[in-house]
Amino acid sequence: MFKKILVANRGEIALRVMRTCREMGIEVVAVFSEADRTAPHVLFADEAYLIGPAPASESYLRWDNILEVARRSQTDAIHPGYGFLSENTEFAQQVTEADIVFIGPPAEAIKTMGDKTMARQSMLQTDVPVVPGTEEPISDVEQALKVAEDIGFPVLIKAAGGGGGKGMRIVESAKTFADSVAKAQRESQSAFGDGRVYIEKYLEEPHHIEFQILADQHGHVIHLNERECSIQRRYQKVIEESPSPFLNPELREQMGRAAVETARSCNYVGAGTVEFLVDKHKNFYFLEMNTRLQVEHPVTEMITGTDLVAEQIRIADGQVLSMKQTDISSTGHAIECRIYAEDAAHDFTPSTGKISMLQIPDGTGTRFDGAIRQGLEITPYYDPLLGKLVCWAEDRESALNRAERALREFYIGGIETTIQFCRAVIRHPVFRHGPYDTHFYATHKVELMEQLSRSSDEVQIVAGATLFQHREQLKLSSQSESSTTATRSNWVQAQQKRVRR
Amino acid sequence: MKYEINGGDKALQVDFQQLGDKLIIRSESGEMGFEAVRIQPGIYSVIMNQRSFVVGIRSEVALKVSVNGTPLVIELLDAVHIHLRELGWAAMEEVKAGLVSSQIPGLVTKIFHLVGDKVAEGEPLFLMEAMKMENEIKAPVSGVIKKISIKEGETVEKGTNIIEIG
Amino acid sequence: MFKKILVANRGEIALRVMRTCREMGIEVVAVFSEADRTAPHVLFADEAYLIGPAPASESYLRWDNILEVARRSQTDAIHPGYGFLSENTEFAQQVTEADIVFIGPPAEAIKTMGDKTMARQSMLQTDVPVVPGTEEPISDVEQALKVAEDIGFPVLIKAAGGGGGKGMRIVESAKTFADSVAKAQRESQSAFGDGRVYIEKYLEEPHHIEFQILADQHGHVIHLNERECSIQRRYQKVIEESPSPFLNPELREQMGRAAVETARSCNYVGAGTVEFLVDKHKNFYFLEMNTRLQVEHPVTEMITGTDLVAEQIRIADGQVLSMKQTDISSTGHAIECRIYAEDAAHDFTPSTGKISMLQIPDGTGTRFDGAIRQGLEITPYYDPLLGKLVCWAEDRESALNRAERALREFYIGGIETTIQFCRAVIRHPVFRHGPYDTHFYATHKVELMEQLSRSSDEVQIVAGATLFQHREQLKLSSQSESSTTATRSNWVQAQQKRVRR
Amino acid sequence: MKYEINGGDKALQVDFQQLGDKLIIRSESGEMGFEAVRIQPGIYSVIMNQRSFVVGIRSEVALKVSVNGTPLVIELLDAVHIHLRELGWAAMEEVKAGLVSSQIPGLVTKIFHLVGDKVAEGEPLFLMEAMKMENEIKAPVSGVIKKISIKEGETVEKGTNIIEIG
């Protein structure tokens, strides 16, 4: 087994990976940018190395610096987390060439699945259905428009080089097609350093449902059931749950088999996720495969009682999978709410600042995978994900009740977060009742925003009276200063500056 | 002292009276005992009529408050202001409707116009990248661009003035 | 179902009960003393009422004030938590007479089991074995000494009116007998308002093992397996786990049956705990029954997937138990570490002060039931328990590894805690190997204390260098003030006052 | 500047040298780069030779420090003090061995002696109740009780002088 693992990431996922490493008796090495000197993953690690200035392109994406740290620290293996270098074929290759174990799939599998166009082409060789669309990245906009018209509008433009909704656009008609392609290309160039995009059919009432898979180096492949990820805004997942309120046992089995087939088709090794779109007629289509740990992996851990990072490490160590497909059972229900530093009431604009108060929910069936603490400064340089609240209970209703309780208990002062937005979603009757599709957010946006700021007279009086007292206090403290002003005019200016600072 | 609390479309008339540590509030709903204890700068534990709340003053300038996490925009008018309003006086602050300043810190990647260009309300003005997302900022009003204070590729702090439309 | 529940308690247990209430859609009422105005349970609750000054005898033990709050708030039911009024027969009776549901056993059962002498007498009527000892509280010390000599020294003196190690003494010989009885009587008078004590045989290599039971109002009684509680200091539990490394399936079944019989013998209703002592020959003896929720109940919740507070509430509502004995299975292994505000290195003296930094561990299989936050003042008025760290994993070794990881991650600044002491216990080879008995702490005290403060040269240099930098910083800031001093002597005094404040 | 770090039974000679934000430390183990960043008052994130630590200054007076939670009592002697000690000078502080002051806040419930009583080392002096536990406090040295500053039933703060044995 490895003695030392370098985690080439930051934030909640770095901490999450390090926790498992330490439980396995493996030392952990952190890398950090200048903006992250006191970040939780640096404080947690056994060793920590500065790898560059704040912008990710100068630090967390600098695989040359990271490899240098790996050599200096005599690391046995590198865990890339998600995002950053996790799906970078060249990085995986360089790590392996440096005689360090890359905790992830072989570079070849990343290459096949990381490029969405190549992935589609590869899947067309299997029995797994794919969504109709272009098979090559768009080079000629005119020609692409013809394909779009063949498939029929609306169509979806997607980045070939990455995920997470970045570089994605729905196009309703031929009129805005060219403009949307240009925008998507620009965005995906900026996000992934790869401006290629392609188009595909936009499905009716689609459900975004994904399957977790595990594959060892000895040809064993299993799946650990699905995660329902249809609650999205700006094509980014907000809430995920398992089991899906939409699947039935037959469909689950079919899709599970398709997920395993997908992994086999690219000789996959490690933990991966096969994403599907399922339309209202319960037809399912291969969407993409994420060749890394997924943000929402704890949902699967909670219903299956596994530790997916431990599985990744054991697989990378060459061990045989400890469980067979028939050992996998799903107990109860789990739901994850992503807590972002964003102002939900203002179109989810990122929010930065110092966390002035923090109360993280806890208790029975309540888990928070985060990387925050009171006093920590949230900077604008990285993904605004603060952490994930995951609640488990014996059935869906109880799990939702638990999540609602936990969200109400959750307090992050000093910055805006999506806590209350998640609560509004969970309280929404359509979500409560389930099933729901990927249009949920767009359809219910107005109600959700209303719910977010709905207040009774009582709440309004509480707010007003607190503001009154707050001002009285400020007035009081400035008065005591201004009384000094009268006698010492020079000194007071310095004091006022202090207050403003 | 009489006050009016304006939140969204509702306006409540209240009367605050300091009584030692407590505030006595009279409103249409009757008399209420109110007590607030500061637990962190700008964060209070409130007990009003035995009900427990956590209230955060999120921005003193914009009058943003949150009660048990619920965000509210609250305007607190005192008797003088209420009276002035009754006399037909408008708010004293001049609102520069055409001034676009950044709501977030980030990198301005593209500016679509030059000084002197005519723009229509809702037309894109510039692109800004923050936390790996590209944000398109639109014109809040129609008019002519009078001033551009930033160049493409510049990083701006929150609150920086970027474009003025006249 | 109840609409509103008053929780007649504070600290972590109040918060834990309130969490379940809110998940069940029940409003929660908090009561608080003057010292607890901004305590977590007050911030969590829907309603909060001041019931008196800081000392518990003037607030949390004032059941007249609490009943008055219950009436004013139109509460349907009262949950007493543990400690305070939870085992007070009169309180249970008064609550019931006020037409409010008491979430706990009938007053009669509390009375029988709450008084240890009466409990012993009652158990002598059943098949459940009891430890040899006096059957009446000690009135004549001379006569008691004779009994002690019959049983054979060492003997144990125990309070009749309460638990938690208060008023408990081991007596090694006849010489110190009278003095020890007097001390135990004084302590139990002060702790429980009841100075009666009795004596019993002191067992060889005893294990403290308890069984969780649940009984509904319709005569159904089940047990939810054991908790091993032999890690104690000052007769107070520090670490508990389940399954016990000492029990085997046969003994588990026998003791489980005895626990159910005990509950039946006093017509028990609700959640309760039957404590046994098991000697090295695997003979087990009834020790006492706790007629309330136990501090360490989360251990059972984690291996059985239940919510014991929810079960208590459903039972109090008159519902039939939702599970049968055969439905109860134990999955994996759970371990609880109690985090006290105590200085382990100095004989566990209570530690008070402000929490200056807080990082609570979290992640897979990690739960913390606490009631703290950064900035909270820990006062000397109440039990110093800050919370309980509970870790679950698929087997004992993994659970201990997880607990060790979590304890290392746990950071509470500003006060002394038992975090590192718990870590020293978990790292100890005897504990690691299991089984261990109640003498563990006394036997290994010196090694544990050594482990607690063991440091390498590296650690010592880090400490020294940090102290150096810290002093340089302090010097720097006081210098910048004294430079101002030179020019404005009058003003500086005000500034210095400010710094001191 | 030369220093000696005393922790328990170990004494380490080190040389601290400030180099910008960093401290260069020379000891028997070689040269080490040390950097400490304050994250809360009295709590530092330390990276020394790329190893990461959290260090808490628990008490500046008693020189109590914790590293990754492990409590240490550290004495930091500078070159001047080391030299003085070599010359045979004892520490300057006078230790009052017979002064018993409370280590915890609590209630003194019983005092077993009067001024003038002789007590032997280890003999009970008084009872103190704190956090629901009764604590028996014993005489640290043998001697005669010179002063009792507290009455039974009084509540004392941490650090209050209670009994002095001469």
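Descriptive notes on the structure:
Chains here go by letter, A, B, C and D, matching the order in which they are written, and residues are numbered from 1 within each.
Quick note on the criterion: contacts are C-beta pairs under 8 Å (C-beta built on N, C-alpha and C of every residue); 3 or more make two chains touch, one makes a residue touch a chain.
A quick note: this is a predicted structure, and the numbers were derived from the prediction, not measured.
For chain pairs A-D and A-B, the one joined by more C-beta pairs in contact is A-B.
Farthest from chain C in terms of Cα centroid separation is B. Chain centres here are Cα means. That of chain A falls 38 Å from that of chain C.
Inter-chain centre distance (chain B to chain C, centres taken as mean C-alpha positions): 47 Å.
Centre-to-centre separation of chain A and chain B, using mean CA positions: 30 Å.
Contact with two or more other chains is made by residues 39-40, 51, 54 of chain B. Contact with two or more other chains is made by residues 43-44, 357, 375, 408 of chain A. Two chains count as a pair here when they touch; such pairs are A-B, A-C, A-D, B-C, C-D.
On the side of chain A, the complex with chain D involves touching residues 30, 37-38, 42-49, 72-73, 375.
Of all the residues in chain D, the ones that touch chain A in their complex are 37, 39-40, 45, 47, 50-52, 54.
Of all residues in chain C, only 15-16, 19-20, 22-25, 40, 43-44, 298, 301, 305, 307, 331-332, 357-360, 362-370, 373-375, 394, 398, 401-402, 404-405, 408-409, 488, 491 touch chain A in the complex they form. Within the complex formed with chain C, the residues of chain D that make contact are 3, 5, 7-8, 10, 12, 14, 16, 23, 25, 27-29, 32, 34, 36, 38-44, 46, 48, 51, 53-58, 60, 63, 65, 67-72, 74, 76, 103-106, 109, 129-135, 158.
Contact residues on chain A toward chain B in their complex (touch as defined above): 166, 186-187, 190-191, 234, 345-346, 349-352, 356-357, 380-384, 408, 410-411, 413-414, 416, 419-420, 423, 452-455, 457-471, 473-474.
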